[in-house]
Structures are given as C-alpha cells and as structure tokens.
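So, here come the structures, one by one.
Each of the two complexes below includes chain A, the first together with chain B, the second together with chain C.
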Partner chain A sequence: MRAGSLRLPLRLGRRYPAFGLGLGVVGLWLLLALFAPLVAPFDPILQDGTIALQPPSPAHPFGTDNFGRDVLSRVIWGARIDLQIAFLGVIFPFLIGTVLGTVSGYFGGLVDTVFMRILDVVLAFPFLVLMLAIIAILGPGLASFYIAMAMVGWVSYARLIRAQVLVLRGADFIVAAKSLGFGPLRIMFRHLLPNAIAGSIVFSMSDAVLVLLNGAAVSYLGLGVQPPVAEWGVMVAEGQGFITTAWWMTTFPGLAIVTLALGFSLLADGLGDMLGVRE
Partner chain B sequence: MKRNRLSLAAAGFLAALAFGSGMAEASGVLTIGRREDSTTFDPIKTAQNIDFWVFSNVYDVLVRVDKTGTKLEPGLAESWTISPDGLVYTFKMRDAKFSDGSPITAGDAAFSLLRIRDDEGSLWADSYKVVKTAVATDPKTLVVTLVTPSAPFLSTLAMPGVSILSEAAMKKMGAEAYAENPVASGAFTVKEWLRGDKVVLAKNPNFWEAGRVSLDGVEWIAIPDDNTRMLKVQAGEIDSAIFVPFSRIAELQQDKNLKVQLDPSTREDHLLINHEHGKLADVRVREAIDYAIDKKAIVDAVTFGIGQVANSFIPAGALYHFGDNLQRPYDPEKAKALLAEAGATGLTLNYVVNAGDAVDEQIAVLLQQQLAKAGITANLQKVDPSQSWDMLVSGDYDISVMYWTNDILDPDQKTTFVVGHDTNMNYMTRYNNPKVKDLVAAARIEQDPAKREAMYIEIQKLSKADVHWIDLYYSPYRNVSRANIDNFYQNPLGRFFLEDVVKN
Partner chain C sequence: MTPPLLEVDDLVVHYPAGGMLRRREVQAVNGVSLRLEPGETLGLVGESGSGKSTLGRALLGLTPVTAGHVGFDGKRVSGRDRAGLAHLRRNAAMIFQDPFNALNPRQTIATSIAEVLRVKGEVPPAEVPARVAALLDLVGLRPDLAGRKPHALSGGQCQRAGIARALAIEPRLVIADECVAALDVSIQGQIINLLIELKARMGLAMIFIAHDLAIVRRLCDRVAVMYLGRIVEEGPTEAVFSSPRHPYTAALVAAIPSLDPARPLPADPLPGEPPSPLALPPGCAFHPRCRLARPECREMAPPARHDGERITACVLSPDEITTTQPRSMEP
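Take a look at the complex of A and B:
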C-alpha cells in the first residue's frame, strides 16, 4: 500500500470527524476479522472442560465460556461472520431495491403500480416477523438469512430511489438525454442513478446497523449461525444462562455488537455530511 | 390403623376450621414460579408434566405413589383385593367428598377409568385398553375386570391421567367447562386460572385429608425466563421456583435465605439413533458412537456434576433398574477401530437439535466435538421443538437427544415405549429385536416379582448390547424455595406434596 493512499481518508476524517471515527471503528473490526487466525490467541471452537467459566485473566483477557473456549478468540473470529452478515445482508437488498426503484420511478404507470403494490404487501407485515417466517420455511442457516433479507429489505431502497427518480425524471438533463435518443437503460443507469443514489448509500450504512442486529437476533433465536461457529448473537444467547455467574460470556460479544453498530452509524452520519444528504 | 387416621383427619379438619378464620390469609399462600402455564384441567387430554404436576394438587387418585416413589399406597381407594387369576380387582372406596360437597363414589371412579379408555380426546387410551369392565356394584365398591393379567395395572391407576372426576358435575357442565373450572377431589380447588399467566388454587375444605393441608392456597406462576425466575425467588417476590438451571445451583446453595432441593427423579437424557439410516443399522457403528461419547464430560459441563452417568433406560432408583448393566467407557480409538471394521470411516450424521433449549444446545456442541475425535462428522440442525418432534416421528434424522420421565411406578410403560416395538417405533429409533419384543410382552403379564425382575434385567442387557439408543445421564429435579418454606418436595414421579408444605 502506498503512503499516499491513506491520505484521502485521513483528510476526510479531519473534515468530517464522525466519518473518520466510524471508518476507524469499522476498519479496526475489518482488520481483526481479516487477520483473525494471527490475532486470536486460541482456537475459537476448541473445548477444554478443565478451564470452563474462568473470569478474565492475563491468559484469557475476556475469560472462558462454559465449554472452556476463549471468549476473546471467539469475539475476534465472530467479527468475520458478523461483518459478512452486515455486508451481504445489505448488498442484496441494496442492488434489488435500487434496480426496482429506478425502473419503477422512470417508467411509472403500470410497472410502477405493480412494484409499489408488491412493496405495500411486504411493508404490511412487521419486518422481523416476515423474516422469521421466511427463514422458518427455508430452514435455519445463514444462507436462509441472506435470502430473507433480500426478500424483505429491498423495499426501503426501492422507495428511496423511486422518490429521487420521480423528482429527477423531469429535469433538464434527462430531457436532454432523451432528445439525444438515448435508450431507457442508458438514461436510467448512466444519468438518473448516479444522481439519485447518494441517499441510498448513506441509508445502507445505517441499514448495516439494523442488519447486524437482525443477524444477531436471528442467531440468538437459533435460526441463523449454527454451532460451534462463533457469532456474537449466538455468544450472547449461550451466555444468557450464565449472566449472573459469568458476566464476561455475554458482556464482551455484546460490546462488540455495540461498537460495530456504532461504527456503522457514525459512518452513515459522516457520509451524509459529505454527500450533502439529510435523512 | 385406618380408622385412627380418619379420626385424626377429622380432628385436623375441625382444628383447621377453628384456626383458619383467625389467621392472615396471605401468609398461607405459596407462590411457585415455573417455566410454562398449565394447558388444561382435563386429565385425559394432556401428557405434559406441567399439567400433571398441578393435577396432583387438584385431584386425588384411587392409588397413590408414596413420597419415596417406590411404593403404592391407598388414595381414594381405602383397600383392594386381587383375584387369584389376576383378572379382577375389587376396590373399597373411602368416605370422601368432592369440592362441591357431593360424595366421591365408586361410580365416579368407574366413570373416570372408562373415560380415559373410551373418550375420543384421550391421549392415554392405549394404556387402559387392558380394562375390560369397570363397574360400581355399590357406591363403595368398584370392580375392575381386565382382559389379561397385567402386572403394571395397579400402578397405572396412580397416574394423574386417571384422576377421579365427578361424573355428575362433568355431565352437567360439559367436558370443556370442567377443564376450565374443575370440581376437585384433591387438596386444592381451582380458584382462578389466568391462561398463560397463573393458576390460583385455594384449599379444598372438603378434601378427605384436609387436616393435613396447612396452606390456604397455592399460586403456580408462569415465569418463562430462567434468570428472572431465580431473581424473583432471591428477592422474595415468590416463595419457590422450579426448574433451577444447573449453572445456578452452586450459587443459590450459598444463599442463606434459600433452600435448594435436589430430589431424585426418573428423568433420563439419551441419544436417539435412527436404526434405519444407512450404516447406523450396523450394531458396530452404534457401539462406536457409544464409545465415542464421553458421558462424564457431559455430566460435568452441562449438569455441573449434578447429574449421574446413565447405564440403562430404566433410571437409577426406579423399579428393576439394573445397576450392573454394561457401561461402555469413553474410548475414541476403539470407536475408530469399530467404524473401520464396519466400513463406516468418515461417517457423517445429521443431528437434530431443539432450538432454544439451552441444555440441548450445550450437549450438541459437546457431542459434536467428541464425535469429531472419533472421526464422525455431526452436522447440527437446529429446529423448533414442535418441528423436531415431527422429524423424529417421520425418521428424518440420524441422531437426536431426547429425555423421558416416568409417569407411573412400574417400568412397563417406558419399556413398552422404548423397546416394546409398538406403534411409536421404539421411541422413533426403529430398533428391531423380536426377542426383546417378546420379553416385554411376557414381563407385562408375569405376576411373580422375582421372575419379572429377571426379565427386566434381561431386557436391559439385550437392548444395551444392541445399542438401541445411547444412555447419557440421569438428573434430579431442581427446585429452590425461601428458607421459611418447609416440605417443598417432589417425589421421583414428579408429584409435589403441597398438602404437606408449611409456610412459616
């Protein structure tokens, strides 16, 4: 990595402190996740009954769980899964919602009506209930979680983009593009979308917070990540029975969720400032 | 003896009436926290412990199981005789009344017994098909004739499912209304039932042993979260709590304001194996799984040393338990060798786990690693408990952990379910050994206790040799109560003797 490549984020960080802080926190977790095998002191799934439920100590800074697994190592390895959840859980709804929202807003008429009614149907159900129902049908597991997220999460992006496209549709530069004889695909994705997408990008960051919490909630309910894989929501669930006797089992993964979620929120806030978007 | 007891009861009853009015009402109400609320008060329409345990407070039965859970003792039947051929049982009813003041007659007993056999909604009909007729020859005499001799018959009469109901009230109110607000034959009546929240019981002044009851009432309160329930009893908001999590026992025992009761139970946790799935049909493969599992480690990690490693499907302390039954030691190398011999190296198993059950999930995580050491890959599949049961029934699993608690004293019930080759496919394992099947049927009608015990020992040996399933551990009932509560006790079949509880 050239030294120069760091300069832009640093400069942005100074001008937009929220963005800088958020980038720092999320970046730190990203690095930890990437280098988990090097950073984590122990194997996250190795059980050792002789050292079960030990409080934090120099050997195990975050203590050990009821199977004698090192909580610190599990938190670090868990970052991989949780970041994956935050990324994949946002990217699919983002792509689907953006495309549908653009098409719907640009063409209007029957296309718009059909998409918007589907959207109303999805919105009519409470978010988590609908997701749990889909996962229950598909069977527990992360793949089901991503599919459910894609099926339910796209509505927010579609609405955001559609509203923007509706405003921009009559703008002079679009009229100009049309009179130049460009096809609808080119107009939609080369001219409309770049001008309409800023709000969605900002929203995707705050959405990452919700997705992360949803992923943790779903895993907590036993429908997401399957044991013995370390995931923060699962760790909180496993530690629940020990909350009065072994606080470290729930506290540290809980803090990990909080910091990563906070990082994403700050990132969203900073991006909003930078791109001039107010939610 | 019996007469003395009766007059004692009468004296106690009068004394209770005399003093009862002078005592503060609230001090005599015992509040108990439990995981779930009751589902019904119709005894034949449930098989859940959560219901049965309250039935024992509200209804009495003809024959009771004593506090130690090893003997039968008279309940509403004062005495009984059995004909030499073992077919005719004659019960003499004691003088007792329902909570509405009407007498409990042999007719009510016959009605209750035939109802569990014949009613469409009965979950227990099969267990009582052995009853040919039940007739009240006079209000104090019940004559039951059986189809074949049945050694366990008397102990099935102690099951809360055959609680004695009032025939007149049932006919008048209808089964549904009765299930909401029953006429009681036991120590307490149902004063109020807030579904999903709590069952409020009041002392039944017409109970034949009312003198024995010191409490004014009982509240069974549903507090699903384990931590909350324990906190409430620690804070003194409730008097007792049942289902103490294993992880909390050592800590609660330190608390001087609390008493932790670990009462022997008949609960056994075991690993079901689907004998019809591929290599699992080979006994060497099932043996290998048994060798690959370190039961002691499970007892230590999951029950915090409170449980006991199991060696037979008939639990320790229960009738005809065979203490010297084979116990395969933990030996992953031997497991590997057996798997290689059976040509099952690299065995992969689908392990169905009940989602949301902390103990089940902990066992799953442990077993997965233990099996991995023997070269067996276990893929965990967490599913909702309602769904997992259907999967077990339809054979859509390789291994899964389940538990069983006995409902009756006699081992016949569990033995029939587990290795009797009846309609439930040997508790979903699809185990098949005709020799065991015949022995179970023969043991059911054997009248000589010594011969019968020998038969049950043989059944335990044979099924262990076949690895019909893998016995994991036995665990006690775990209850906690405030220091001022005395005699809060559960017998091995789960009955709470609330009639003896004293709140100081």
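Take a look at the complex of A and C:
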C-alpha cells in the first residue's frame, strides 16, 4: 500500500476524532474479516469433543464452545457474515428509500400521497414483528433477512430524503434547472439528490448498528444464519445454555457485536460533523 | 412591422394560500398586458409584494397561469401546449436574486454551465469545454475559477457565473429577477455594466425586475410600474421618471434618495403599507393610500389609457398629479 493513500484518512481522523476512531474500529473488523483464513488460528467449524468448554487459555484465548470449536476463530470468521449483514442490510433499504423519497417529494400530489400511505402501513407494524413475519413466510436464511430488511427498512430513508427534497424543491437552483428545460430525472438525480443525501448517509451508519443487532436477533431466534456457520448472533444463542458455566461462549461474540456497532456509531457521528448534518 | 418578441395578454396568476375552512387565494398578478420588442429592456418596478417576481416566473412557465396568455415569438406559451413552452425555454433564461442559491452547490460552475450546453445539445460535445471557457471570459471570470463551487466564490463572481449559465443557451430574452439586490453597491455597478455591455453585444431583450429605480433608469429603455399585481404606469424610462402620470409612480420617484444632502426626502412619501394581496380593495387597488383619490376610485378599477408610448391606469389627467420637481439623478 502506498503511503499517500493513508494520508487522507489520517488527516480526517485528526480533524474529526470520532470519525477517525470509528474508521479504525470498523477498518480493523474489515481487515480481520478479509484475512480470516490467515488470522484465525483454527477452523471455525472443526469440532473436537475432547476439548469442549475449555476456559480461555494461551492455546484458545477466547476458550472453546460445547463442540470444542475455538471461539476466537469463530468470532473472526463471524465478522465476515456480520459485516455482510450490516452492508447488504443497509444498502438495499438505502437505495429503495432514496429513490422513492426523491420521486415522492419532487412530484408531490397523488404520487406523494400514495407513497406516504404505503409508508404509513409499514410503520403501523412494530419493526421486528413485521420483519419476522416476512422471514417466516419466505423461510429462514440470510436471503430472506435481506429481503425483509429491504421491505421494511426503506421507510426511514424515504422519509429523510423526502423531507430534504421538499425543502430544496423551491430553491432557486431547482427553479433555474426547470427554466433551463432540464428533464425531471435530471433535476431529481443530478440536482436534488446530491444536495439532499448527506443526512441519509449519516443515518445509514447508525442504521448499520440497528441492522447488525437485528441480524443478530434474527439469527438468535433461529431465522437467520443457520448453524454451524459462525455468526455472532448465533454464537450468543448457542452459548445461552452455558452462560453460568462457560461465560466466554457468549461474552466474546457479544463484545464483537458491541465494538462493531460502536464503530459504526462513531462513524455516523464523525460523518455528521464532516458533512455538516446534525440530527 | 415585426411581431413583438414577447406578448402578454391580460395575465392573471392566483395561487392558493392555504386556509382550512375558507379557501383563500393570493392574487399575485391581476391582468397584466405587456409587449417586448427584440433587443429591448423593460424595467419592472414596484414594492415587494407587487407581483413582479411572480410575473417574471409566470412568463417562463414556472408558475401556473390562472388566466390570460403569454406569447413568445408569435407562439402561444401558456396553456397545455408544451411545444410553445419548450421553444420559450430554449430561448429565454433567468437570472436570480441570490447568486449562491441559483447554482447547484454541489457542482462546479464549469459543470453547471457545461450541463446547460450538453442538455441543449447544439454545441458538439468536444467543443463544450472551449465554449464554457468562452462564456466565463465573456462575463469576466478568470479561467482558474471554473473549477470552484459556488460557496468558494464571492457574491459578484457567483452572479457572473449565473449570468454565464443564462447566456449558455444563447437566449434572446433574459429575465433578471432582482439580480443585483443582494450584492454590494460596488459589485452592483459592475454587474449592471456587464449587463449593459452584453445587451449591446448580443442584442438581448431583457425584463429587469427591480425595486431600485436608479438602476432601472440606468439600464432600461422602458419601465412598467406594478402595484398589487397590476401595471399602473408604463412608458419610456426617462419620460416616466421625469413626469410620472400615476400618483404611485410619483410617490416612488419622490422617494428615491439623493446624494445631495440639501435635498431632503419627503417626510412621508407614501403613507401606509400596500393592502394584502389576499384581500384586494375594490376599485383602484391604490386608492386607500392615494392622496388624490376620488369617490369613483373606490368603485371601479381605472382602465389603462394609452397616450403615444405611455400607458397609465389612473382617472386623473397628467397635470393633476402633484409631484415634487422632476429631478436629475445619476446612479
């Protein structure tokens, strides 16, 4: 890696400490996930009944679980799945909500009324209950989780963007764009969206925290990632029965969730400062 | 005789002003007729709330027109006919009051101008950068400013960029809505000189919306004075300013501050404030504030009287308008 490519993140980190710290934490998990086969000392799904439920030791720093699997290796491999959950669970709602919110806010009238009523229907149900219902219909698994996230999560982005678009719609540069004969697609996506999106980008970071916890919760309930795949939510669920005798089974994946969520929170906070958005 | 470039017939613009139980309407423009010849500059003056900005936007089809019609180049613009509007928008551009708000804050000024050229599609893509550079040069912006975003420019530079973007479509008509009101006085002068120069060089017709009469006098061939959505007086700029024929114009002219401290302003040139455009007074809209109002002014709006090039909407004859002495005034 060239030294120059590190200079910008370092400079930003000094000016915005929260952003720098968040970037560091999330970056660290990203590297661990990326190089999991090299970093993890053991195979995450290799079972060995002779060393089941061993407390943390130099050979197994995070201990072993009830099947004798190395908890450290499982936490490192789990980062792959959980980062994927955070990314895919945010990106689809983000894209859908942004497009619908922009269209709704720009055209107003009937289009807006229809979109907003659909949104009200989605909001009328408790978030997790609606998601679990969708996953239950589609069948357990990560794909169902992403579909459910996309169907439920877009409402926050749509509302955020729509509010911004409503403010900007009357701005002179939008009037100017109309008077110059620009088409509605150009006005929406070249002129309105770039000026309306900062708040959503910041929100997407704090949303990643919620998605991560939702993913863990759904997996904990047995509707998300299926064993024996290492995922932090699943690991917490598996360790639940041993919480009094083998605390390390739940504590370390739990800490992993906490640190990654904290990293995203700090990123959101720092991005808010950088982009001049205050929520 | 060549047809006028822009022809406005009895234009009315009302828009809803909310109100849950009683639907109320802002009567922004109430029957305005105008003609603009190619290359001519018309000043549109009046107090804030007189409907001059709404009129400017309605001309470009940016505000729905309630009644009346706008013709451009002999083609009808208003109404359902999209072709007329498209033709107008390819030939008319607007310059805005707040230069920082008129340009997309996320685009560099070169991008903003290039976008106009690309959308209009008359300049081959390969020649767009050269054309952008030429436009920036035309409005007196250094080439190294091209890559800046609006917030990194001064107000004057930004307004020049806005003018360059307006000129990018090679307009025959420019509508300038209070385009110098937000600028420092010294910058105002520069922008006005730029507009005068461009007008002469490109043969632009211009509608110059302003409340600063001194600037209008410097720039405009003709002037139309608006009061509560109506044109109360119209005519050649010098004639209107030196011998106003409507009491409102007379009051406005008397209220122009002078640099000469020996000539004080009238103590109270125009009493009161204009009535709300939500509830226009019957008859002549100006009668509640008019010192010379007669009983009949309450009854009916005075029709526009044509006298040569001058049009007046007042029942009084010209010599009945008392005014302060015609004054010489250099901006």
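Just so it is clear, the second predicted complex is superposed on the first by the 279 of 279 C-alpha atoms of A that agree within 3 Å, B and C clash if a C-alpha of one lies under 4 Å from a C-alpha of the other, contacts with A are read in each partner's own complex, and residues count from 1 in each chain.
Here is the rule we go by: a contact is a pair of C-beta atoms (placed from the backbone, for glycine too) under 8 Å apart; a residue touches a chain by one contact, two chains touch by 3 or more.
Keep in mind that this is a model prediction, so the values were computed, not measured.
Q: In the overlay, answer first, second, both or neither for which of chain B and chain C A:121 touches.
A: The answer is neither, since A:121 touches no partner chain.
Q: Answer with first, second, both or neither: which of chain B and chain C does A:186 touch in the superposed model?
A: Touch status of A:186: second partner only.
Q: One more residue to check, A:242. First (chain B), second (chain C), both or neither?
A: Only chain B is touched by A:242; chain C is not.
Q: On chain A, which partner touches more residues: chain B or chain C?
A: Residues of chain A touched, chain B against chain C: more for B.
Q: Given the touch rule stated above, what does A:173 touch, chain B (first), chain C (second), both, or neither?
A: A:173: touches chain C, not chain B.
Q: Does chain B (first) or chain C (second) touch A:47, or do both, or does neither?
A: first
Q: Can you list the chain B residues touching chain A in their complex?
A: Interface residues on the chain B side: 226-227, 230-231, 245, 247-248, 251, 297, 300-301, 355-356, 358, 361-362, 364-366, 368-369, 380-384.
Q: Provide the residue numbers of chain A that touch chain B in the complex, in ascending order.
A: Its residues touching chain B are 45, 47, 49, 52, 66-67, 136, 139-140, 221-223, 226-228, 238, 240-245.
Q: Taking the touch rule as given, give the residues of chain C at its contact with chain A in the complex, in rising order.
A: 57, 60, 62, 86, 89-90, 92-94, 96-98, 101-106, 115-116, 119-120, 162, 165, 169
Q: Under the stated contact criterion, what part of chain A meets chain C in this complex?
A: The contact residues of chain A facing chain C are 171-173, 175-182, 186, 190-191, 194-195.
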